[in-house]
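Below you'll find the structure I mean.
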């Protein structure tokens, strides 16, 4: 599947924090940055997410904001 | 200002594509990844965005999806 | 690629309305419903979207609201 | 109330999974597709959502992505 | 229609800026704050939005971030 | 930090409801409106959110919908 979301960044899961409905996934990107994702627990389980698993962070361009230092 | 959005990644603007209402901002992150953002033209102008400007990409965790290779 | 977004619905593109930065894509789902998507023109072009093309609408669960009739 | 969100699809709630802050709502659409929504528990309760209740799934066009099979 | 989105704020349209695909709507809230919305031109037209029209700004709770002053 | 999100509204936290992964933050705006936000518990803790704390609600324009009364 090839998706319209403009931003796809490769990384590795470093932590999965389980909630009742949502899980919080921490991903270390290849470039060194860390990114955090909230997805449903059902999706997290369906993808078999756990520390060490190679994944791709996917972000729609309209969900990226830009900031500048004061 | 310190914001709740979990993901903030430093980078440099490499391109600003102007639309009628929205602009598309391309940012090269410090780690080497490229990220694309859609923001209003008014915000783009208010922040003075142009190629070469150091910026921070800001993404709320609930807007980050996770994918795995088949 | 297998993605965490919970909602994926098969359909066919029925119209592409071009903007300066974003395109509006109309999709007729297999079940008969019509769904509208706004994505960047760059993504629309990269995916080769045009009327008649089979596609999948992808929606993160946290972006689905629920309403009831009064 | 008439809303700007372009996508409104009629269906019936098939399941409500309760979390501490958010609930996960599963909806069977008239066309046969199933769609999952994450909303606050407070909203879920205010709308009286439970299996069997007729509802409308509401999705803003900018939150719909498009994918194509490889 | 009663919607799950937790935040609904009454106001009046003060400006509609037309784009090719999206319109930018400026709304003055009853409390005095000004809020800006980007919706499709098709929705803007369907709702008959123009300066002076009473409207309701609708925002899903998961799309509200929180910031504190440094 | 100055951010591209078009909507920033000053207020005061009136309640923090804790979940396992996400917290629900209720904010009373200066103009009198109440706004609800869902953010990660980690962000809520990092910002030290609690009743009485002055905060800023931040909303990207593309996440604001518009509705009209029937």
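Which chain is which? They are A, B, C, D, E and F, in the order written, and residues in each are numbered from 1.
The working rule: a contact is a pair of C-beta atoms (placed from the backbone, for glycine too) under 8 Å apart; a residue touches a chain by one contact, two chains touch by 3 or more.
Note that this is a predicted model, so its numbers are computed, not measured.
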Both-way neighbours, i.e. chains that touch chain E and touch chain B:
C, F
Find out how few touching-chain steps suffice to connect chain C with chain D.
1
Determine, among A-C, A-F or C-D, the equivalent of interface B-E; equivalence here requires over half of the contact pairs to be the same by residue number.
A-F
Rotational angle, Cα trace of chain A fitted to chain C, multiple of 5°:
180
Would you mind working out whether chain E and chain F touch using mostly the same residue numbers, over half shared, or mostly different ones?
same
Please compute the C-alpha centroid of chain A, do the same for chain B, then give the distance between them in whole Å.
16
So what's the Cα centroid distance for chain C and chain F, whole Å?
29
Between chain C and chain E, what's the gap in Å when you average each chain's C-alpha atoms?
23
Distance in whole angstrom between the CA centres of chain B and chain F is 21
Please output the residue numbers of chain A that touch at least 2 other chains, ranges allowed.
1-6, 19-20, 22, 24, 36-40, 42-44, 47, 56, 58, 60-63, 65-69
Could you please write down every pair of chains that are in touch?
A-B, A-C, A-D, A-F, B-C, B-E, B-F, C-D, C-E, D-E, D-F, E-F
Inside the complex, what are the residues of chain A that reach chain B?
3, 5-9, 13, 24-25, 27, 29-33, 35-39, 43-44, 47-49, 53-69
Which residues of chain B touch chain F in the complex?
1-6, 37-40, 42-44, 46-47, 56, 58, 60-62
Write out the stretch or stretches of chain C touching chain B in their complex.
1-5, 19-22, 40, 42, 60, 62
Chain B-touching residues of chain E, taken from the complex the two chains share
17-20, 22-24, 36, 38, 62-63, 65-70
